[in-house]
Amino acid sequence: MISDIMLQKYAIHRLIQTALEEDVGAGDITTTAALTGEEIGNARAVAKSDTVVAGIDVFRETFLFLDGGLKFTKRFHDGQTVKKGDIVAEISGNLASIMVAERVALNFFQRMCGVATMTRRFVDAIEGSKAKILHTRKTVPGLRILDTYAVRTGGGSSHRFGLSDGALVKDNHIAAAGSIARAVAEVRKRIPLTVKIEVEVTNIREVQEALAAGADVIMFDNMSLSDMTTATALVAGRVPLEASGNVSLDNVKKVSETGVDFISVGALTHSVKAADISLRVEGR
Amino acid sequence: MISDIMLQKYAIHRLIQTALEEDVGAGDITTTAALTGEEIGNARAVAKSDTVVAGIDVFRETFLFLDGGLKFTKRFHDGQTVKKGDIVAEISGNLASIMVAERVALNFFQRMCGVATMTRRFVDAIEGSKAKILHTRKTVPGLRILDTYAVRTGGGSSHRFGLSDGALVKDNHIAAAGSIARAVAEVRKRIPLTVKIEVEVTNIREVQEALAAGADVIMFDNMSLSDMTTATALVAGRVPLEASGNVSLDNVKKVSETGVDFISVGALTHSVKAADISLRVEGR
Amino acid sequence: MISDIMLQKYAIHRLIQTALEEDVGAGDITTTAALTGEEIGNARAVAKSDTVVAGIDVFRETFLFLDGGLKFTKRFHDGQTVKKGDIVAEISGNLASIMVAERVALNFFQRMCGVATMTRRFVDAIEGSKAKILHTRKTVPGLRILDTYAVRTGGGSSHRFGLSDGALVKDNHIAAAGSIARAVAEVRKRIPLTVKIEVEVTNIREVQEALAAGADVIMFDNMSLSDMTTATALVAGRVPLEASGNVSLDNVKKVSETGVDFISVGALTHSVKAADISLRVEGR
Amino acid sequence: MISDIMLQKYAIHRLIQTALEEDVGAGDITTTAALTGEEIGNARAVAKSDTVVAGIDVFRETFLFLDGGLKFTKRFHDGQTVKKGDIVAEISGNLASIMVAERVALNFFQRMCGVATMTRRFVDAIEGSKAKILHTRKTVPGLRILDTYAVRTGGGSSHRFGLSDGALVKDNHIAAAGSIARAVAEVRKRIPLTVKIEVEVTNIREVQEALAAGADVIMFDNMSLSDMTTATALVAGRVPLEASGNVSLDNVKKVSETGVDFISVGALTHSVKAADISLRVEGR
Amino acid sequence: MISDIMLQKYAIHRLIQTALEEDVGAGDITTTAALTGEEIGNARAVAKSDTVVAGIDVFRETFLFLDGGLKFTKRFHDGQTVKKGDIVAEISGNLASIMVAERVALNFFQRMCGVATMTRRFVDAIEGSKAKILHTRKTVPGLRILDTYAVRTGGGSSHRFGLSDGALVKDNHIAAAGSIARAVAEVRKRIPLTVKIEVEVTNIREVQEALAAGADVIMFDNMSLSDMTTATALVAGRVPLEASGNVSLDNVKKVSETGVDFISVGALTHSVKAADISLRVEGR
Amino acid sequence: MISDIMLQKYAIHRLIQTALEEDVGAGDITTTAALTGEEIGNARAVAKSDTVVAGIDVFRETFLFLDGGLKFTKRFHDGQTVKKGDIVAEISGNLASIMVAERVALNFFQRMCGVATMTRRFVDAIEGSKAKILHTRKTVPGLRILDTYAVRTGGGSSHRFGLSDGALVKDNHIAAAGSIARAVAEVRKRIPLTVKIEVEVTNIREVQEALAAGADVIMFDNMSLSDMTTATALVAGRVPLEASGNVSLDNVKKVSETGVDFISVGALTHSVKAADISLRVEGR
């Protein structure tokens, strides 16, 4: 797989610039006082627990953006799993530069690895099922490009990125339009050619209305397992189905057994546990 | 307490602009198709579990930044605890505006409430202790101003914001300078007048060196409970002490009993569980 | 229809800021010298030929962004046709403000009206057909949000906005993947849930391959009228069809008669004729 | 001639960044799915009709900005005319990078070549005349630096770039000041030392007033050919003269024969026909 | 005179945003701790020595940009002279807001008043002369719009703002072109219509060459008083003349007596003495 | 000493981009007309009076940011003193690039050298004293990072950079809190761990209150020499002391003799005299 975010290096650099300005502020007052600036250092990014690697290019770019003279060596690639104690990457060059960039680089990388690792757990939990794990729009403001990439790296799939690349007809749209049929018809008239219409439903009757209205995808919003099973049988493969709402590692297997095609999990990105990765820096 | 981030409304607006551009992209294709634009709506932000409120002004500003004609009513203030089912705030006005702003507003607010809620649990866990819970620099890139505000709102205190408002002498600084004494001396010569020097130590011997070197604050980096207890006795209140490293709800009480003054917890901001808050929107 | 770009006022203001900085530069040296700053003015935007109105809110916002004290009165709304001599809008208030904002406001508005007017001519040219006129990505860099809105205002429809909200499988994708079937399969595995796959074909054989591969939409790339007619019959409504390539007012009627569902016209936005609208300003 | 916009590479890069963010959005979902990222490609920019080349450096920078590893070879330079079928430039390197950058690069380049080509036609139409063809401020918001460069590349000359580098006294300035004489006097007192004062006139009497007032340049605003001839004789070379208003390829020759020194043509930039240039990309 | 920079409020706000972000950083830690946020304050900007007022609108906008609820009352206008002890303006409203904005507001205002005051001294020093005092491009990076406005407010005039609104032919241009005549001819061919050509000369022979070449303005670069007197007589009013180089309050009178029309003074903006203005803030 | 601002090259580049956009505007119309673009040049930055070098890296980066092909050779380093006539640096490469970047590069460099030179004079004036010279927040908006670096380069020390990296309790804070004791207590509760509290006092009684309140640093605000001497004796080294207010080269020696530890001088950055450095450019 292409590390697709690297085709947007210009966008990644902008995020890194913002993060460095935030963290470095008026300068690293400790490092610039304690070091002469001539020291050469060597740093190893070490996994302190098993984790899926995601965002190693963002990790690298942070160091290089601060100091183009640093040398970064990948030991693993995005999507691989590292074990506790593995060295994920090495950075060498000006010690001061490494120390100034360290925290920002780790803040990006640990979050991305954390998202990918949790996604992998969900994916593994439904192994054997045809269902795919999806991200939602519940990402950290400003970092959606990284959050969603990390979900894909962990084996998940993409839902719409934002409000403009997918039509999702919700209860308020339906209420405003008057009915599912009218809402879908109105949206069909106006959305871009290549975008599908997904309709959010909460019960069997609405599933039937959505089907009749010509929905391209149907989302079960917080429906019970038995209702989802019934609805899936009713739809019988005519359109893809998505389960949504309060999915956890505890219940995802059961959700997948309802026969849905997609399961979206907000927690993948709204409740991230950062991966435990640390940088061991040595001057030499 | 002043809602201090509101004295930086210009900074908050910049974050909101970035977040809206990210989420709305080329436009909300569902809402602009299903609604006429004339609908009036009413929305209630409802807590779906007990949570500490933090960032309600950011929540409000997101709606108002998108549409200055919306009306926002706070029902609770930052720092208060809401119970499951409580209505935290109400928004009324143009329905389309409410629906377009909803996700971004919640993404900010749920994270901030989540940070504050977890901080409160740490603070409560050491009740009776003199120790204060601190944030670290392990925040989400770009949102440190919000993350650290949320920690304070939850009852925590601030460590340095970034690399320029506190000197933290770590092992690599010490190695580069030659000794703790020389590192502290070099840093003392150059740092801004109003900034303290904290020295990171890993054992009793280093505690003594740091004290001798004139450190203003000493941080125990991943030291055992017994070593911290010994060290605290040794320091005997001459300088403030901070415990750092792998602090969790399980062990924070014990850490506080070592007698340290501050306990920093990276997980407060690097491993956030978003608060469960949803927006119930009704057209009328 | 909602003036959907007004739900992105924050984005429009950013475009206006850039345009004003570009045009006003270090200041309007004529106006600030010849006027006292106390003069009140009244301006009428007059159509100098028949045109479809598009972007009147952008026109208004430009004046108000420069000077919030100006008063802007719409006489027509987006989508309406004005006749030569009609007054489209009136602006009153500080004369200097009106004169400084004039050119930028017109540059936006004349282009948008020009796009809408040309779109309307294409739409009218195929009246009675089921086909819809589409924009392409051949827009002016930085103004796509305005260009595509203007197309919709003129009666056209939206193709994908950019590279992320629609999959369009072209010859190079096919060559890289090995076949249409494999390209579509690869893309299907990875694209966001709500996005369709359109396949670009150049002959009947490829149409069949695309259908077999499960394309959601098929684009005829520069195919002859007779080939398109044949292909349309072959597809028989199973998927939407788009005609693309060298469509002009001269041939669009014939293209629509092939039975395609969509006709994309790059010239709508890459070769715009600005609408002839002028501002008659009077001091008083 | 120096490719002067390349002395502002920092400004060009900013435009390219904006354009890529707009077009690529959350990523090129087709290319990143259909390609492995390892493919090498070769692309040829081919003229599909005769055109004047303008902006080839912007074309190149777009590819290199996205991926510094691409190799770009110019076959023609700005100002040269290419014939239908000519290869204008070649790009080789990572195929995915070429495909992602393609549309943005062409959107810039086709517009700039279109502007230069039309300018050349106006210049050719008045061959033998001393008059020069000028751009106006009727450019696309945000791209004036490119639009005006393209006019110069096509053989045209520059009018003022914006409101701060030339004083243009119009009817409203005159009305506010009370007379041409007073308006010019007021402006003379305040404008920068190196900037001229041009006065817009609509009849012979005003020409005389402008001359008497000490105008540095006089603009005939929508005056008849005969009035312009009379006025030109009257002025007798004392100041440069500019004809403005509704100049087209049909009448520009006649306008030049009135003896004016400059002819400004808004359509050069407000009503651009993009040059027909396509990229033939081949993987290898 | 129009406060012309207020026609560029959008540009001023951008400068203020940058300045506030720089100064306030992560928040005013003293004010947000010591105040409750409910205090109301009243502040008086007091002149501590005689000064020309310049930039009072920038001063006001800084307070209002931070907190739109503050009330600002001007007691003097730009261009007026205030005496030691005079109250220049009053601000009332939220005390915390006033205290946070204070330093940034004063940094802008004290510099601008300082520039205007020094300019006034130069203008006064040559009273009775026809010569005008000019600013140069030796301004503080990023604030040229303010620096040059302040010079005009103090009674000075504008030279070119930057490299694009005036042609200034210097020794290196002449050397590259081969002669003054050829340099002027080349520049004449390419510069915008409304821009003049100034030629920098260092001796009488070059004055003659510049005149012969058709220079619109001639600048005497570091020429002696006697040479300037000779040259002025020689030029005899045919083109405006500018004296440049090491002009101080000590010699400006003598320079003016050479008969030149303009005297440019780099020190007006490169060596500014901030005006002594302080804010007396009182809570109530 | 590390040239610490070079660890923030990303921040410096942003300042340079802003400055070039401001100065170059729509292009250097003289250079691009008079030169062919092929000329090679050589430039020497020459000191025209004795000065302390500061910001030579910013000087270099400005040239390289505009044209990465230029070659820059340092002859001196930051902190060194150059004599009148010394060549500080040489730049060679494309002549047009050198000429376009010249003014911006000098504007940065001359200011920074000017700040460092004045700082050095203050430092030299108190030689033998233990006191250190401090900058204040009275810097030019947007350039504080450069201004404060220049002060350090000249031998001065840093006060707080902005409002967030030091608590400075002033009269209004005290009034709002009710007393020095309460203000300090409130601030102590809330400020970041590594930040000190400085209290501003105006008389001996307040010195005693500040000491009693536990101030970390005490600032004498405009106190007389004798009061400062008395106060210094009273404090007897328990906390560092800062003298502030109307310090000049005339009185700084006397101020240092009061025994204070720090002397802050606003004029170092609010009233800068640019160093006299010029660029001698030669084409070859």
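Labels for the chains are A, B, C, D, E and F, by order of writing; each one numbers its residues from 1.
The definition used in the following text is that a contact is a pair of C-beta atoms (placed from the backbone, for glycine too) under 8 Å apart; a residue touches a chain by one contact, two chains touch by 3 or more.
Fair warning: this is a prediction, and the values are worked out from it, not measured in the lab.
Shared contact partners of subunit C and subunit F, listed by label: A, B, D, E.
With centres defined by CA atoms alone, the chain at the far end from subunit B is D.
At the far end from subunit C, in terms of centres built from Cα atoms, lies F.
Per-chain CA centroids place subunit A at a distance of 44 Å from subunit F. Inter-chain centre distance (subunit B to subunit D, centres taken as mean C-alpha positions): 51 Å. As a whole-number value, the distance joining the C-alpha centres of subunit D and subunit E reads 32 Å. We define each chain's centre as the mean of its Cα atoms; on that basis subunit C and subunit D are separated by 22 Å.
Each of the following residues of subunit A touches two or more other chains: 1, 24-28, 31-32, 35-36, 100, 144, 161-162, 164-168, 190-192, 195. Against subunit D, in their complex, subunit E makes its touches with residues 1, 134, 152, 157-161, 164-168, 190-198, 216-217, 240, 242, 262. Of all the residues in subunit E, the ones that touch subunit B in their complex are 17, 20-21, 24-28, 31-32, 35-37, 65-67, 96-97, 100.
Note for the complex: subunit D touches subunit C at residues 15, 18-19, 22-36, 39, 41, 95, 99-100, 103-104, 106-108, 110-111, 114, 137-145, 161-170, 172-177, 183, 186-187, 189-192, 195, 266-267, 270-274, 281-283. Listing the residues of subunit E that touch subunit C in their complex gives 1-5, 7-11, 14, 144-145, 148, 161-162, 165.
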